[in-house]
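Next up: some structures, all given as structure tokens.
What follows is subunit A paired twice: with subunit B in the first complex and subunit C in the second.
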Partner chain A sequence: MIPQTERYREMVLKSLNNERQRQLAARVAGVFKFLRSYALQSYADPAQVMRDVADIRARSVENMSELLERFEERATAAGAKVYWASNAQEANQIITDIVTAKGIKLAVKGKSMVSEETELNHFLEKAGVEVYEGDLGEFIVQQLHQPPFHIVGPAIHLSAEEISDLFVNLMGIEPTLDPVALGRAARVYLRDKFATAGVGITGVNVAVAETGSICLVENEGNIRLATSKPPVHIALMSIEKVVADVGDALEAIGLLTKSCTGQKISSYVSMITGPRKDGESDGPDELHIVILDNGRTAFYQDPELRQALRCIRCGACLGVCPIYTRIGGPTYGWIYSGPMGAVLNPLLLGINRSQDLFEACTQCGFCQEVCPGGIKHLDMFNRYRQMVIHGFPALNVKKEPKEGTRFMKLFAWGMRSPWRYRVGARLGRAFLKKYTQGGSIKALPILKGWFQYRDLPAPAPYTFREWWASQESQKTRLNAGKERSVTHGQ
Partner chain B sequence: MSPAEPAAGEPRQIAKGEVEVFLREAQIVSAKVTVVPGKDAIARGVAELLGEKEVKSMLVVEDKRLDATALKKTAKELNAEYISTWELSEKEYLDKAFACDVGITCCDWGVAETASVVIFHRASAPRLPSVSPPIHIAILYTSQLLKTMKDLDLVIKQQKHMPSAVTIISGVSRTADILLTPTLGMHGPLEVGIVLVEGSETA
Partner chain C sequence: MEGVSLFIPCSVDLLLADLGQAMVKIIRRAGGNPYYRPEQTCCGHPAITSGHVDLAVDLAKRFVEIFEKDECIVCPAGSCVYTVKHLYPRVLKDEPAWQKRASDVASRVYELSEYLVDVLGVEDLGAQYPGKVAYHESCSLLRHLGIDQQPKRLISGVKGTELVPLVEADTCCGFGGEFALKFPELSGAIVGDKVQNFVNSGADILLLADPGCLLNIAGYIMRHNPEKKVMHLAQFLAANLREVTA
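Right, the complex of A and B next:
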């Protein structure tokens, strides 16, 4: 998917006019939100587990370089080959070289966000390798050449008719609107691919430093097939996936599946350590693990920004975001959407080009309440805003003059002293009254962007201070006249 | 913190048992469980789980924890071909794994809180029989039942060498990728049966 986060504003307007997409985004988010809150009840103390996992993620990110070195050492000792890729191009090249050197023509893939990030499929296909996504939703959007709609349900936006039409053309099945029958058709169609593929390519949910293992979480069984039958397994992971030990991995996975699909645990968790050993009759002969940086170490240098790496891609933040639930995933212009996208896309693609994503945030804070990684989204967004206003050369963030910056500076100055506030309010009201027409203000010579989508109500006939003063003086008058006071509520 | 929880710094004991929890959770993840009194009754449990299903072939990972002779008899009664993984060449095995109707495997551990069965894959425990056939039947002893994933972590920590793969299986393969409709059975087994054997696998 070609990143186009700079088109966010334009795409938001389009999405808001797309009734079906709006309804879907809200429905999907509502279902996942409900399932998550239900699943969390299975913990004796959900809040404590949230804190524990946030702590695991924080520790893992803080100790990342040591953990990665240990992971490399242990994985290599177990017989895996570990590669370091500094960017998407390098990762794709490493993987394509492994595949083409063996003359492999057919690859089966497990759903992996990092491979979406590097656009691996495209790269492999250019090298003449046929790639099949194994996850049902991912397979459907791949065949339709569409980007995934939702991180958990990539094809959730498509109707049964659309999927049936696709399968009729692709597999020659009888048309059907039954989701179960469509799933079965895909099972039959992809079975042969799993059985004959030369390589299985997967992501990594968690990498374990202590044992050199990679953990893969799934429900469909496609990853298990892709890591059991083909003679070669290639796993692509980003650097932040590593944790210290199996205990940390299992605890994080437990919260991942609950936050993601509302399952206590997914149907399958595979913990893979090296290729198959002597005497084993299945499993790959070779395991290659490609560790991708792709811009992460650049922002890792900043202690506040590195918390973005605590994200475990569960998607819980999507379900609770008032922005996401109204516009849906594709609007975000890249593979990561919702609050997750508003945190990650600016750092991975560039803050200037992605600024509308975090500028759109309403600061309600629901995302950080549900985040298993303990990411403080609001602090991140405010930091990004500051970076744009002041510039941040370390990450190539260009200073951009913002409409309203001067006004906000003046406002802040005025608010810092009671008399400046009073004078300011008086002047401000006089100014606003000048532009009032028929009970509202439709435009001002300043803050033009703000008035693009909304009007401001006309200022009230008097201020609160004026009202209070009049009440006080009335009371004084009443008391002075010794009139009988009226009491209420008796 | 529950009273059973150790104080900080104290080694945690591996907690076992909780058959009722396992049975309840198994229902939630759509795994059918039949409880049998001992190793001798495993074949009966398998027959019970397969019921009236039309089964043409049965791929069995033979193991001292199951009674192969009795299982062969069950296969015969069901008119199903009995295939032992150990009697096949690697190529034959890989072909059969994708062609057979039922895969029967033993397990290393079970986890009650999630109704999981855990397989440590090694030369004696291949990977495909529990994922490629449409039906997977797992043989699990009550002595192998752990309470929580934390206990599984402790068990894994005791391994001198990590197996090439550890698989935690919790129910059938599933998806909700089309219209959010829950669909049981995707690329992995459409049905999972567990024969829960009372007693110890080492007895």
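Right, the complex of A and C next:
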């Protein structure tokens, strides 16, 4: 998916005007939000688990380089081959080289965000390899050449009619709106691909340093099949996926599936340690693990920014975000959407070109409340804003004049002195009163955005401090002659 | 009587004096003795959240100097309390001595409903209102400060008032300060949904506890649903206090 985060503003308007997409985004998000809160109740103490997993993620990110080295060592000892890719191009090249060297013409894939990040499918197809997504939703949007609508439900925006039309064309089935029949048709169609593919390509949910294992969660069995049927399995993971041991991995996975689809655990959890060994019946002959940086170590140097790597891609933040629930995923202009995208895209694509993503935030804080990684989204967004205002050469962030900076300087200057504050208050209130009609202000020559959808309640006839001073002097008059009243705070 | 220093947000001072008056009235009714330091201006929230953190350093220090001697500081705005408690440590991160002073002051700053319920132990102020109200959970209270029960207890303390459920009560109203100006379409869509949920709730009045949400929702209602009413909890309580006969 070609990044187009610059077009966010324009796409927001389009999405808001698309009534169907808007309702769908809200409904899908609402369902995931409900499922998550319900699933969390299966813990005796959900808040404690949230803290534990946030701690696991924090520790894993802090010790990342050490953990990755250990992972490489153990995975290699288990028979896997480990590769390091510094960017998307390198990762794609490594994978394509493995595939083409073996003369493989057909690949099946498990749903993987990071392979969307590197645009791997496109790369493989250019090298003459046919690629089939194995996850049903991902398969549907792939065939329609559309970006995934939601990180967990890629094709959730499509109607049964649209899917039926696609399958009629692709598979020659009779038109049907029966979801079970459509699912079965896809299964039959894909089963043949799984059976004949030379390679299965997946992502990685968690990598375990202690054992050199990779863990994958899914519901459809397509990943299980892609990692066991074809003779070669290639797993692509970004550097932050590694944790110390199996205990950390399982606790994180437990919270991942609850936060993601609201399942206590997904239908399948695969833990893969090396390729098939002698005497084992399942598994590929070869396991290749490609570890991708793609800009992550650059921002890792900054102790605050590195918390972005705690994200486990569960999507809990999407379902609770007041912005995401109005506009849906594709509006964000890249594979990572919602608050997740507003944290990751600026760091992976560039702060300047992605600034509308983090500017479009009401700072409600719902995302950070549900985040299993313990990411402080609002601190991150605030930091990005500061980076744009002042520039940040370490990450090539250009200083950009920000609308409102001049006003903010004047505002802060005024607020630093009670005298200036009072003068400003008098002028400002006189200005507002000029535009007040019958209890409200309908429009002003400034603040146009506000008045597009709202009025402004008329300012009270006096300021609080004026009222306070008058009632205090009244009190003093009342008390004159009596005992001297006790006054506080002066 | 308990002396309590009034931390009046600039929005309340400049636009919503009646909210400040209401606050004074109910604190007095609850047995507190409010006083006001007129040298206060703005806590710096808009500067900080828009990324102009450097511009807020002096404002944070001013706040500390003005309120440092007070035992108890009360504010009718969750967002301003959040600023002092959670944003000042960020603003003053390069000056540990100031950071320490700020966190000392912050430990004595209370949001109004928190002050009434947790500090004074008052839930029934002697108010009466025969009707239905709904409560919007302002993000600044619910998520930034963890205050959810106190406002509801104060509402339950009002004789004759029924608190009706509000769908999506815990989601944002779409204000977000600068956000409302920069992304008016998004902000408008969000506040529109909030008001629709309020209308569907069947309540006569929507109560909340932050002036930001108040200006946003009241502004929307004035244009689109003028028959409905939104009030800060303090305004509601003060307007419905029964006369004390003593």
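Note that in this section the second predicted complex is superposed on the first by the 429 of 490 C-alpha atoms of A that agree within 3 Å, B and C clash if a C-alpha of one lies under 4 Å from a C-alpha of the other, contacts with A are read in each partner's own complex, and residues count from 1 in each chain.
To be clear about the criterion, a residue touches a chain if its C-beta (ideal position, glycine included) is under 8 Å from a C-beta of that chain, and two chains touch if they have at least 3 such contacts.
Since we're looking at a predicted model, the values are computed, not measured.
Of the two partner chains, subunit B is the only one that A:246 touches; subunit C does not reach it.
In the superposition on chain A, no contact is made by A:401 with either subunit B or subunit C. When the shared chain is aligned, subunit B comes close enough to touch A:31, but subunit C does not. Once chain A of one complex is fitted onto chain A of the other, the partner contacts of A:172 are absent, as it touches neither subunit B nor subunit C. Applying the stated contact rule after C-alpha superposition, one finds that A:389 touches subunit C and leaves subunit B untouched.
Listed in rising order, the residues of subunit C touching subunit A in the complex are 3, 5, 8, 10, 12-18, 20-21, 24, 33, 35-42, 44, 46-56, 58-59, 62, 70, 90, 139, 143-144, 170-172, 174-192, 215-216, 218-220, 222-223.
Those residues of subunit A that touch subunit C in the shared complex are 9, 12-13, 16, 22, 320, 322-323, 326-327, 359-366, 369, 379, 382, 384-386, 388-390, 402-405, 408-409, 411-412, 414-418, 421, 425, 428-429, 432, 439-440, 442, 447-450, 452-457, 459-469, 487-490. Of all residues in subunit B, those touching subunit A in their complex are 2, 25, 28-29, 85, 90, 93-94, 97-98, 113-114, 116, 121-123, 126-128, 131-132, 149-150, 152-153, 156-157, 162-181, 183, 185-189. The part of subunit A that touches subunit B in the complex is made up of residues 27-28, 31, 42, 44, 78, 134-137, 140, 153-156, 158-160, 163, 179-180, 182-184, 186-187, 190-191, 194-195, 211-213, 219-222, 224-225, 227-229, 245-247, 250-251, 254, 261, 263-283.
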